[in-house]
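Here come two complexes built around chain A, the first alongside chain B, the second alongside chain C.
Presenting the complex of A and B:
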């Protein structure tokens, strides 16, 4: 049965988004057809906990079912665990890979469901893009991880001391996972600028984008790396 | 419906079958990229960094032998390991030092950024490939060969390599970025995960085991991104699980003398979810405990869960607290095989394995191995007192070897 969940959205918009998905060079290496065997669903952790099916992802893409693909881009893709257990597909499909592309398109187009899925996540984007390390020791705070128990508080209470009690010289850090050279970070900023990654952030959170752009522009000016 | 027998290997990792598993080179569904990598090198598309000698030849899924360098390695650290499981990386370095292997712990290294990519998709194919190639060029310029600590970095880099080999336009785009950075464009001959190095040195470690591990039962959780991405490039040993599942971790733990018990949800993911572990942990907690830890407890009752990836240690360890509060059948310590192996060959459980960063009580495991956890903790407290008093700035390698 065709999806009727987003009838208010014009078909031409749904076609435009799918065309973006399909234009990704990886698309055709992630989709070869579907036996409907269900191996991907059986292997999928998200299918056990959500109304989610990697098989439907592959089938909708193969049929170019614009209504269903649009529904999936709103309601399904952020449930995927990106574990790629679905790569067990006997046809060599990668529903998880298709979802990576669909998510990218959702980010680039500022879709509402993307903003909901990434609510609370922007501090991670800031950390990884500005430092080159994703989860720094000082992010282990009890208010962020209350379900992990009192051990988290023990870590944060003793953080400076415990980091100094690590033999590798590169790990005596709290704001970064390890010591990253300044030039290394500058090169990373250049990559984000040259590949349009920084621009993508403006669709997620414009304020975050502006803060990071200022940091990166200042650092790049100092570095002498050209990003024109 | 009639109850179905769970397909668990009763004898551990030996398959009870008379069938002989032979790899058939004519039916391999994946290409061996190595020749293409060298061919692109000969055509001037990139520099190929050869695996340094001495190396170990490890069997992979479809039979090709993979070169695993023993030393002269550039350690591509993991942001999650270094950030909140620092005993993971410390143990890898410590084992290198114990064996006298030359290695390099770089500062000119970024994360692969794939945790963020798989969580939020706030990146793209070219950027991800450029991050990978920038790190590879840094390794090449240091004269050391990359060894990847994180399972996700390893899997992601294998994906990137596959894309770069097959997509000339992508190669041009990424090469242009490396040119702007003043970096050489380099592809390593092999992409190597540290757990493959652990497999390669398992016999070296066996000779140094300090404790009787014969009464220790472990369950192994294999990391999805280690063997489900670019599946052919992962270690499979015909002697372990009949060559039908990856031998990473299991091969090491068995060689050390512990028992590896099987369980029916072996293939399942840990529930990490990348985005979920950070902002939607109800899913992660549920999957990690209901589909992994509780199943292990019921079917194998292990003393420890061993794995080889950042996210898996985190999900499986941290998720147990909430489940314990609900009196679920959980309560098994979780660590990497590098930490377990390091402790087994004499590393200090706190100075090196840094178990105090882990949540589930690991003291029963240490006691069962023959280590006094209270005494070890007091020794570590003594170190902390010295740092606090200013008698020493940091705990150094000299203190722990």
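Presenting the complex of A and C:
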């Protein structure tokens, strides 16, 4: 049965988005053909907990089912943890890879569901893109991680001391997962800018984009690395 | 000079036997070479019963095996290998070596290669079935040994299994492994075996996990419908991705694709439906006789098309059976007859050309 969840969105728009997915140079090596054996679902951790099926991602793409693909781009692709367990496909498809492409298209097109899905991640995006490290020790607060038990509070109360107790000096950090060389960060900024990754963020969160762009431009100017 | 009046047949499985019989019955000498100590090939050595009719293999093949051993025009050489070949159609000079290492040279006019397949080694599969890890994970071949012995028990503890699962397409239809073919017979064999298990253990629950069930022609109702309707075998569409030990049971993880949900169920025994690959002998003969292989690795036929299933690209050399690709016994025996006919026709034509 065709998806009837987004009838208000015109078919040409759904076609346009799928064409963008299909035009990605990775697409043809991520999808050969699907015999619907379900190995990807069996291997998928998300499928165990959500109404999510990597098999349906591959099947919808193979059948070019525009309605269903559009529905998946709104309601399914953010349930994938991108672990690529589905890559054990006997046909060598990569449903996870298809999802990577679909996510990128969702971001580039500023889809509303994408903004909702990523709304809770602005802090992580900021952290990764400006420092190159993800979850820093000072983010591990007991209110954020109640299920981790009482030791989270104990550690966070004296975080600086605990971190300094770690043997490698590069881990004596609280706002970063580890010390990052200035030059490494500058190169990272150049990569974000040159690959268009930073531009993509303006579709996720305009304000976040502007803040990061300023940080990166300043640092790059200081470094002498040209990204023009 | 007229060519030799002998046809060499390499491999004495069903295809080679039928080819040798055909050559001899058409009045030519058949030199039948087999590396093992007995004839009958893979089914005769490993399979308790034949698919699809479930006849006991040795009883069913008795007539053809005896005919070969008794035919005055068949020169059977057991424990013998072909180690070299020179010359061409009408005048191949082949070197044979017996188990003591002594060599003889024979001149033959035509050759039939019937060196067959080997079962896929499940240690190479890309899922995680743990064949070499779990005692209760078997192959179709291991299961046949149990049927031969007349006792189906879990190797781990000697107890009768209550729940048995077959997993299809192990080593077949898999780009990751590099075997992009269907092995043709495993669906039928698994269904046949499930009937045998239910006959011996009527209370057992038997499951077959599959991608597509492929039982053509009469195999459809002879084994597929029979297993499902008379023996209540459960066919579940979805392939298992992993087997994990859970206590003394095996937990299999898959997706029931028609129900659209992940599935984890406990089994006492799992049988892997291993597919076909070219046998070592097939690869050796391809080298010795300079026979090009087709893109899957089996020996190529002359034009790769459906109208000539037995001629190779080398004049005077023919194929019978799974050396040419996955084959059931019906096709193998039919190819044996066709190869014999073409081999003898080759000898006759050469004799006429000289006359």
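Simple rule for what comes next: the second predicted complex is superposed on the first by the 228 of 228 C-alpha atoms of A that agree within 3 Å, B and C clash if a C-alpha of one lies under 4 Å from a C-alpha of the other, contacts with A are read in each partner's own complex, and residues count from 1 in each chain.
FYI, a residue touches a chain if its C-beta (ideal position, glycine included) is under 8 Å from a C-beta of that chain, and two chains touch if they have at least 3 such contacts.
All values reported here derive from a predicted model rather than from experimental measurement.
S.K.: Looking at the overlay, does A:225 come into contact with chain B only (first), chain C only (second), both, or neither?
M.R.: In the superposition, A:225 contacts chain B only.
S.K.: Could you tell me if A:91 is touching chain B, chain C, both of them or neither one (first, second, both, neither)?
M.R.: The answer is second: A:91 touches chain C but not chain B.
S.K.: Kindly classify A:23 by the partners it touches after superposition: chain B alone (first), chain C alone (second), both, or neither?
M.R.: In the superposition, A:23 touches no partner, neither chain B nor chain C.
S.K.: In the overlay, answer first, second, both or neither for which of chain B and chain C A:7 touches.
M.R.: The answer is neither, since A:7 touches no partner chain.
S.K.: Which partner, chain B or chain C, touches the larger number of chain A residues?
M.R.: Looking at chain B versus chain C, the one contacting more residues of chain A is B.
S.K.: Check the residue A:38 against both partner chains and state whether it touches chain B (first), chain C (second), both, or neither.
M.R.: Touch status of A:38: second partner only.
S.K.: Should A:47 be classified as contacting the first partner (chain B), the second (chain C), both, or neither?
M.R.: second
S.K.: Please write out, lowest number first, the residues of chain A touched by both chain B and chain C across the two complexes.
M.R.: Residues 43, 48, 88, 92 of chain A touch both chain B and chain C.
S.K.: Can you list the residues on chain A that touch chain C in the complex?
M.R.: 32, 35-39, 41-44, 47-48, 53, 55, 88-92
S.K.: Could you list, by residue number, the parts of chain B that touch chain A in their complex?
M.R.: 29, 77-84, 86, 89-90, 93-94, 105-111, 113, 115-127, 130-131, 134, 138, 155, 163, 166-167, 169-170, 177, 180-181, 183, 224-225, 228-229, 231, 267-269, 271-276, 278-279, 281, 283, 285-287, 291, 318, 321-322, 351-352, 354, 356-359, 380, 383-384, 387-388, 393-397, 399-400
S.K.: Would you tell me which residues of chain A are touching chain B in their complex?
M.R.: 24-26, 29, 43, 45-46, 48-50, 78, 81-85, 87-88, 92, 100, 103-104, 106-107, 117-121, 124-125, 128-129, 132-137, 139-140, 145, 147-149, 151, 154-155, 161-172, 177-181, 183-185, 187-188, 190-192, 194-197, 200-201, 204, 225-227
S.K.: Please output the residues of chain C touching chain A within their complex, sorted ascending.
M.R.: 126-127, 169, 173-177, 211-212, 237-242, 253-257, 260, 262-263
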